[in-house]
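Going by the order they are written in, the chains are A, B, C, D and E; count residues from 1 in each one.
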């Protein structure tokens, strides 16, 4: 019995629950209800956009790993998340060829050039979207109305535009609650906002389901609740103060919370730990920075929506935050910095 | 009876591993049988190994001196049993290095009475005499580090020991030796503390205990005479509260300076079992012969706390307690810091606080390693507020010197909290251990050059 | 010029050699520059003038002569002498018969990328904007730069209503930009889809400039004479 | 001639039309001196400082040139003035505060040929800013330059220990990060309007 | 295009041709030395801008190299940098006026970047590293090589950015009307990305060569 060869490992010999892969898998699960809902509100085109986004991310990841001779990492689910989230940030009538470009850019430029999973400094899905927005600003701000009657029977022709060709729109382009506010000072009723009977990106329309998915992740300790809470709090406080100051000019915090991509950003994108600071203090400042920037861009900026830019800037700021808010090492004096 | 002093303060960060203590914490200490042959390595403490003073074939009494200390940072070794020296040869130790050792064949029918030595009277002995007595008794830290206790107790002339901290924390999962010692060797503990206070000149002593051992805390509280300046403080359960720096912070609210020693903040920390051993041995002038070891883990049949003679081969121990068929790894020490055993021919030494046996399904080291996803869990865990995530990456890119310069690598005491929480299963502590040794080597190479 | 150069170098032992070198080079450079300047100045001035004239003729259809006026501190328009620089300048356009046919006015304001500068033609008799030209803009090519090229957008400014109220103190209807395709009134600017921000900026610039300038112009309309 | 509000000028130069990320001025230090947060901070400080002084001097020179009506000397006098101020500043700092000179010293000569400084003075002339506006423009541009440099330095320090593919390592990665940062700063557009 | 250049063997005998070739390829200011990046990124949103800027820079480079080389024994060491800057600024002012005289439109689209040639590190570095130490003949070849190399680099960027960003080349439409413009290419970010793209190609090419 005792002649058995023993294995040797180094301490610690016990580890805490969640592994990276399990976390990633659960993020996908948490996103599925909101994704399904977007298919319900926008029909086939939403399904196609989401599918293309995920597929292009996976294919890009596979191809780049192969080309560079690295271990193929498509099975760690992170590319699936990137694809899903990219898809969720796009409008339903977005041409599929552009979606595919976005997926390629998200993984290639957003992740691979930095060294792959864990090394990227910017949120890959948002890098993809930022490039798409800068490249095709018209397509990415052409919105379909929700719940159109023929959404399950026909596909907008723009979705199937030929690769590299300009899409032709046969849909009536709607406005998002935010652009309606920015350009026409029209406030969408809160009920519609919360339950998704509005125009917008796939992931803008179901704030409640997204929040539910986020809460699930936070309860399972797979996403850092401090980030989400810090963002939402700063949005509520700042927009609340402005609203109290002048309710005519500044919309209510409720409108701010449930319009646009704030929920998706706060629950799923700002919480991507890869681009966020490591320390608790850093995380709280990061969240507050994002929240404040969202309000500032939405209210005073030229663009109707600022969540994407706010999160990317937060990502860019993260290393600095980690440096500035570096905790004092035990037993050293404050002054000693490195 | 005094009110128990429940302390809310604790150190920053840290982790909460599952405790698994309920399997053994109610089991009284049982005497372990003598193995037919005891194998006693000379290198079982920090410092220079002891020098053998017996010959092959010589008969020895229990407690007789087998090896003498070879300097200030060294202690003697005494015979754990009456018997005959069969052989003197190199023996394996847990670190993998070989060490000179003594094979002692135990007399099967001996009464195993301990040979009387030079008793040390608490009332009359001077501080230096007590320190000498502690060294002569072969006492090293039983908390795990096996550092010669008398060295630690010697307060430098320019410093003052204001408080003696008795470490009854036992924060490692599974282990219950200190817990049982506090319950069952209470008198020895208190007696030992008296010696220690005299030796260090400390005006008071504080026994630190975690809240998961309230019975021990209450028991001690009841036992401590009113007129002794000994306090019991209960602190919240958190790993690695037992590390001396953390204990000092939890109880005294101060931090030991980086690179400094507890005495820099006026404290000396001694493990409770070490204290008990001092209290038990010094009045008789005995040398240390056995220690309490927790034997537990999913692979063990008769779990428990055993009083095991020094030098008992691990193979014999496991045979006696019975182990399951699919064992995979055996650890000496706790699961957070203990070392995996590669060779069952090593023996129980003074620093062995526990033996844990894991079956195939319990072993976690084969989890696949993923890249660091910067989740920050390790940063939130590190009790020293280091940045294990960054250091892990730096180690991967072999930037060892920068780890030391920019990230305070040398402060890391390898508690394993970071590895424990890492969802990507990165062997962070292993990296740091390696990096530290490389940095130290480079430093000494530079000094010599 | 050599004075400025000297201050840059500390005097050292062979400062005389350095001085001659620097003065020599300075003189050579000055010569080259002045020669080029003299050689090109006329043509550049001509090209610039031509560009401005072209713009004025574009925004004031049917005129034959132009003359620049500036607004002095008392709020009156005076003819602008050659090489005179003033803060507020308007260009009056005259028909062949020397009658005032319209005024070209500059306006500026923040666009999407940077400040947009425009020139628009105002017909004081009809109280309409009759022409529009973008002098300077860094708006995104393909999007914001439609304000310069888009035919439908430029059509907004063929006959835009900018009537003043009875006492000539303010506009009856302020110029506003509306969403593409929603223009119902002659004082509205029909926006451009995808360049809402730029087209709104144009509306704002015109609104601001007209509210400020038109009352003054109407009060002093008699001051615009061809000679 | 220009009535932009001061805060608008500052925001514009700092964020909306960031000198580095939107105007491509000072790209060389942006690529070259952004490896370490520490040096980036000092470089940013030095550039801001020189910008401020150059803006004031540039304003003076411009007024002078308008007075003597010699526009063709504009460029040559700007560059001479910038070069001399940098050297003057260097000398003064060396005398007054050797420690500051230690910190900024190596950067000052580099700044002489930094296009961000010359660009600032040229733009301020083009836009017709008055003295106070020029000062705010310089402060904004300097702050924007520092922010861009700092963000880049932080990100590059982070990328020191990453498995960046070999063909991307170095300038390519820095440029790509610069591109993404530039996209990100587009979010500020319109904030001053 | 690059492979063609690569295959051309440098002619050993004629030293001045060597000076010319090195600026084109081995020491290309854009792709190898990464010098003078500001104009590279800023004015290459169309091919014509890139060409104009490249030629303007080449002109200044050539003229200042000639003058500096001619005066190299006359200029004292201590004031050489100031003299170079003075000379460079002179030629920049000249080319600035010349471009204005050619077309106000072109001048407007190149904007302040013509003036900024003064501080282009490429020119100062050629003045300091080459013209101040070599004969006029060699300096001319050096300036021509560097100038053409720089213009070539700018064109590489300008062509890609204009093609993708506005489906045209030198203002002439190349892609069909329905082609979707990539507006990002003419934005600042596009400048960063395109330069990164070319450097990446260059790196891949180099690493292929070293491995094979």
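Assorted remarks:
Here, contacts are C-beta pairs under 8 Å (C-beta built on N, C-alpha and C of every residue); 3 or more make two chains touch, one makes a residue touch a chain.
Just so we're clear, the structure is a prediction, and the values are computed from it rather than from any experiment.
Looking at chain A and chain C, the chains that touch each of them are D, E. At the centre of the protein atoms shown, by the Cα-centroid criterion, sits A. For chain B, the chain whose average C-alpha position is most distant is C.
Between the Cα centres of chain B and chain D there is a gap of 59 Å. Averaged Cα coordinates give chain B a centre that lies 85 Å from the centre of chain C. In this assembly, the C-alpha centroid of chain A lies 41 Å from the C-alpha centroid of chain E.
Note: centroid distance chain C to chain E, computed from Cα atoms, is 34 Å. For chain B, the set of residues touching two or more other chains reads 371, 390. Among the residues of chain E, those touching two or more other chains are numbered 82, 86, 89-90, 93, 97, 183-184, 187, 189-190. Residue numbers of chain A whose C-beta contacts span two or more other chains: 116, 119, 131, 134, 137, 302-303. The complete set of chain-chain contacts reads A-B, A-C, A-D, A-E, B-D, C-D, C-E, D-E.
On the chain A side of its complex with chain D, the touching residues are 68, 109, 112-116, 119, 121-122, 127, 130-131, 134, 293, 296-297, 300-303, 306, 308-310, 312-313, 316-320, 323.
Those residues of chain C that touch chain E in the shared complex are 5, 8-9, 12, 14, 17-18, 21-22, 24-26, 29, 32-33, 36-37, 39-41, 43-44, 47-48, 51, 136, 140-143. Note for the complex: chain C touches chain A at residues 112, 140, 143, 179, 193-194, 196-197, 200. If you check the complex, the residues on chain E that touch chain A are 176, 178-180, 182-185, 187, 189-190. Residues 21-28, 31, 72, 75-76, 79-80, 83, 113-115, 117-119, 122-123, 126, 166-168, 171-172, 175-176, 178-180, 182-183, 186 of chain D are the ones touching chain E in the complex.
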